[in-house]
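Each of the next two complexes has chain A plus one other chain: chain B in the first, chain C in the second.
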Partner chain A sequence: MPNISRDEVAHLAKLARLAVTDAELDTFAPQLDVILESVAKVGEVANGKDDAVPPTSHAVPLTNVFRDDVVRPSLTQQEALAGAPAAEDGRFRVPRILGEEPPGWSTRPSEGGPEARPSGRTRKEA
Partner chain B sequence: MTVANSAAETMDYDEVLERFDPVMGLEVHVELHTKTKMFCGCQNVFGGEPNTHVCPTCLGLPGALPVLNGVGVESAIRIGLALNCEIAPWCRFARKNYFYPDMPKNFQTSQYDEPIAFDGYLDVVLDDGEMVRVGIERAHMEEDTGKSLHVGGVTGRIHGAEHSLLDYNRAGVPLIEIVTKPIEGMGARVPEVARAYVTALRELLLALDVSDVRMDQGSMRCDANISLMPKGTTEFGTRTETKNVNSLRSVERAVRYEMTRQAAVLVAGGSILQETRHFQEADGTTSPGRPKETSEDYRYFPEPDLVPIAPRAEWIEELRGTLPELPWQRRKRIQTEWNLTDEELRDLFNTGAADLVALTVDAGAPVGEARSWWVQFLTQQANVREIELAELPITPVQVARVIELIAEGKLTNKLAREVVQAVLEGEGGPDEVIAARGLEVVSDDTALNAAVDEALAAQPDVVEKIRGGKVQAAGAIVGAVMKATKGQADAKRVRELILERCQ
Partner chain C sequence: MNSELIKRTAAELAAKIHTGELSSVEVTQAHLDRIAKVDDQLRAFLHVDAEGALAAAAKVDADIAAGRAPSSALAGVPLALKDVLTTRGIPTTCGSKTLEGWIPPYDATVTRKLREAGVVIVGKTNMDEFAMGSSTENSAYGPTHNPWDTTRIPGGSGGGSSASLAGFEAPLAIGTDTGGSIRQPGSVTGTVGVKPTYGGVSRYGLVAFSSSLDQAGPCARTVLDAALLHEIIAGHDPLDSTSIDAPVPPVVAAAKQGANADLTGVKVGVVKEFRGEGYQAGVLDSFEAAVEQLRELGAEVVEVSCPHFRYALPAYYLISPSECSSNLARFDAMRYGLRVGDDGTRSAEEVMSLSREAGFGAEVKRRIIIGTYALSSGYYDAYYGSAQQVRTLIIRDFEAAYQQVDVLVSPTTPTTAFKIGERVDDPMSMYLADLCTIPANLAGNAAMSVPSGLSADDGLPVGLQIMAPALADERMYRVAAAFETARDAAAGTAFLNQIPEL
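Here is the complex of A and B:
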């Protein structure tokens, strides 16, 4: 039975970059719980041992749709930056990034690693 | 970054190994050198004016749809096959969700629980010739991210930066992530195994011609997961993941440092935080980064905009047929064909001479001579100049010509070295150097006879000795003749002429 905790909602809000107040957490936790419970009913139907239905990720039965490795025209720098709220030196300008760094892969030699920052934050480990 | 690391922060390496068994896992990211990006037709090149190799797809503009690069998939399968992996008969891409401006889509298109290749191995050779089999957990496809430039901070780092500037030329470049199984039971040799593995993987990828594998340009990057378990236990300790390891030497240093750091923490009663650490090239230490996220935090789900990949068995076999001779097969063949000992084989590869020797042999030189020139004299010359052997300004054909001239008796070994030196100094090819410097061996007996007669006349006492049976005294005359001919005479022939005259 789903039972989503207030802490989990807070964690999700943080992952989604949503500023959620304490009062909102109290409201959202039970609401999300209702949604999860409803969705869990699908599992009860589809996950029977003998008639298990595999989850559907694509509605069309297609595989192996590939593109030839042929260069196509790119946008110009001007076009690329046309919709950007801010640009500088031909690059997209974004607010400073603090307390975070890119997740899944190595930093490159040209960039250097983000400043060492022993973080007090702890995250739940699986 | 902190330069000082007091003794208490690290443990003596030998002591680490007395107390702990290290366990290592390596993740290597490789950028493919396809012509275009993974999911769009933008050019895949290093550098370029910022944001000039971008389009709606790799900029994540609304409504843009990705289409998979077929060559990217082929390369991934070929890498998997070369790593002795199983190829998934059916697999999908997934979205890895996170907010960070290096990915304009707010997710990275990657593979999650269905990698295209899995369960393989790579045999790597250590410095002493011992072979270690490194298990490969998986190789999966994903895309690279954009480049951030942090403005206003010190040395371009995030800390203190006022804002960041993004160039998305690299966003969407095809990336293959290759992950090893835990490497256990290697003890003190773990750092060496790390370097040997990355070296072997690099050679393999070069042979497959799928990537530039330039660690300095970031087209090959390595993350090292390290943990320690106390001797006698079998449960893995908490691991750290060290990033920013950008050379083969750094891989070895980073692993070794992290072992000594973790051991000091554990022995002092502390515990290891599961976190990312950054290798500091300058002092060889690692410093803490962010706490490691759990994969749940990325809320992976199957990518709805890309259909599954289901490589048919015939296609896989066709791709298997395109695999070139792989580095270890080549080593084995060269050892057999050239009849080398393990040690000779190792020297050949460690000096980077294998290709050069092969080309010299192709140009007509005997293997023994070709090998000796490249592995010994030319390797010394490369070391003196602090460049790679292959960067020496002399071609295999030129080396083969020098060897030929020696065989014909036109150069002595000493003269040959002088000629090669001159070639390296940019004085032209061997024949040009010989002509310009007048270096050819004086093999003309008439010229030699004159020099010999002169030397004999100058030292009648020595002549008496030789006539009296003291043949070794001839050395003095040989020396005089060599001096008179500026070292260009064949010493052996000179000696013969002297003895003929003294009979």
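Here is the complex of A and C:
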């Protein structure tokens, strides 16, 4: 029983907006299975829940760092747009974002499969 | 003449430039000539900025001719900059197709500090794509070759920077170290690589891979040169919220003190867990000899156990892909980078997916998928949450160790440079190259690699890793400088003089 199936890898790739090929799925699925098998060793000393060992997200124990709310130099509009794949009227030109059924969101695997964590974004269910 | 210039240390070059004995322009030109001569073999550089370098050099020369004080201890000395740090007006690709041709509109803080210090940036060095890898084979622009043996890898991700040093294309370089990407390349090329304390060097303009681990640092051929460069790039930066607001550790003074080759009163801990199975015999022999050398220099050496270090590698390969999957979401084909498939019919989602597919290489995709998985709701506790706890356990191991000793030592990486192609199809074997370097990233400590010698079994360089507590970077510089002095005295020559001619 592998840690991760080819279908799960395909689903994760869709969540991550990677239009992977069938050949890549054939290669990645067994490789990721080996990697997950190995990283699962963290479970020998931690379970992600035990209060006795607090999680460390960052080596430097900082919370928030604020600066004074004053205007400071920044990029010009022209500089900000300089690297854009397409720009129009001083703005980033993007492909259409409305009237679509997002690819992948209607082909989710069976229950128990990985899902993205709630992002606060409305999803269309199949 | 030129071959003499390119083999000098940065400190020697700076001294001669500052007294007017040499010009920065001639020193810079000598390195540009060397790059033109050998970089077809090494492929250390993705971009060479001859014009910008010579202009920066001329400015330093003009300052000195006018009697103005040089702007830093390294003013006028050439440097190779890893292509993950942004450079205004100069391409920055991160070794990725997705950023091919991107010209950043701003300088990273490290870049700005180098320019202000009069350090001459000769070009941008090759790297594993977005710094994910241990060999530079994950660069979209092809691998860099190790100057000791061009059929072998120069380490990674900063293999371009390490190869530029060992190939005498530059006396100074900048790397970035998320899991060992400065130290492991240093180890396999016989050069010095330093990961400063996390937060010691600004990450502003360092294209993020794993933000809680990424740290830029100095690379050089000697410990003193690394220390001089460290003091130029380090320091608090309001543009990086994780930058530490504390004085830069006195690393130059420590390197000079260490050069006296006396470690009396220094306690060195040998990490018990980083030996044994999986380590090349020649690496272990060189390491044992280095430890013996430290003892002869007066250090007190004890064995220290850090039982959770064996969980550092698995924790790292959960934390760094998780952060990477989030950080690389910025490459959405909308504001910068590659866009494909925008034919007027496809949606933004489709264009995004096609562009990311075309722009990212296999290792980046693998890590994004692993990270997406580890952060998924059903797996979060078991993977990402557990890895964060392991991080705490590793910090506790370090704290306990530093109660007993001043610095910890281990081999930098379990083997010498492997052959190009040898591990590309086996990601786990590639990951093992970072086995010994990862704990310092997870804890945020300072750590460095200094050449310990040549492996008896293959004649290739071996690195000694020295780790110090956070913000005590100077401790490891002192130990490294003392070791370097003794090593070169025993060999009768500087370490890199043993490298075969290209």
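Convention: the second predicted complex is superposed on the first by the 80 of 126 C-alpha atoms of A that agree within 3 Å, B and C clash if a C-alpha of one lies under 4 Å from a C-alpha of the other, contacts with A are read in each partner's own complex, and residues count from 1 in each chain.
Here, a residue touches a chain if its C-beta (ideal position, glycine included) is under 8 Å from a C-beta of that chain, and two chains touch if they have at least 3 such contacts.
All values reported here derive from a predicted model rather than from experimental measurement.
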Q. After superposition on the shared chain, which partner residues are touched by A:R67: those of chain B (first), chain C (second), both, or neither?
A. both
- Task: Return first, second, both or neither, reflecting whether A:H58 touches chain B, chain C, both chains, or no partner chain.
- Result: both
Is A:D22 touching the first partner chain B, the second partner chain C, both, or neither of them? neither
> Now for A:R91: first (chain B), second (chain C), both, or neither, which partner does it touch?
Replying inline: first
Exercise. Could you look at A:G43 and tell me whether it touches chain B, chain C, both or neither (first, second, both, neither)?
Key: second
Ask   = Which partner does A:A82 contact after superposing on A: first (chain B), second (chain C), both, neither?
value = second
Check: chain A residues flagged as touching chain B and also chain C 15, 17, 57-58, 60, 62, 64-65, 67, 75, 80, 83, 92, 94-97, 100, 102-103, 112-118
Residue set of chain A touching chain C in the complex reads 4, 8-9, 12-21, 24, 27-28, 31-32, 34-36, 38-50, 53-60, 62, 64-65, 67, 75, 79-80, 82-86, 92, 94-97, 100, 102-103, 112-118
Per the touch rule, the chain A residues reaching chain B in their complex are 15, 17, 57-58, 60, 62-77, 80-81, 83, 88-98, 100-119, 121-126
Chain A partner, complex, touching residues on chain C are 102-106, 198-199, 212-213, 238, 241-242, 244, 308, 311, 313-315, 317-318, 325, 329, 332-339, 342, 344, 346-354, 356-357, 360, 362, 365-366, 368-370, 372-373, 375-393, 395, 427-428, 431, 442-445, 470
Chain A partner, complex, touching residues on chain B are 1, 29, 34-36, 40-43, 49-56, 59, 61, 67-73, 90, 92, 96-104, 108, 110, 144-145, 147-153, 155-168, 175, 177, 215-218, 221-223, 243-246, 274, 276, 278-279, 287-291, 293-299, 302, 304, 306-311
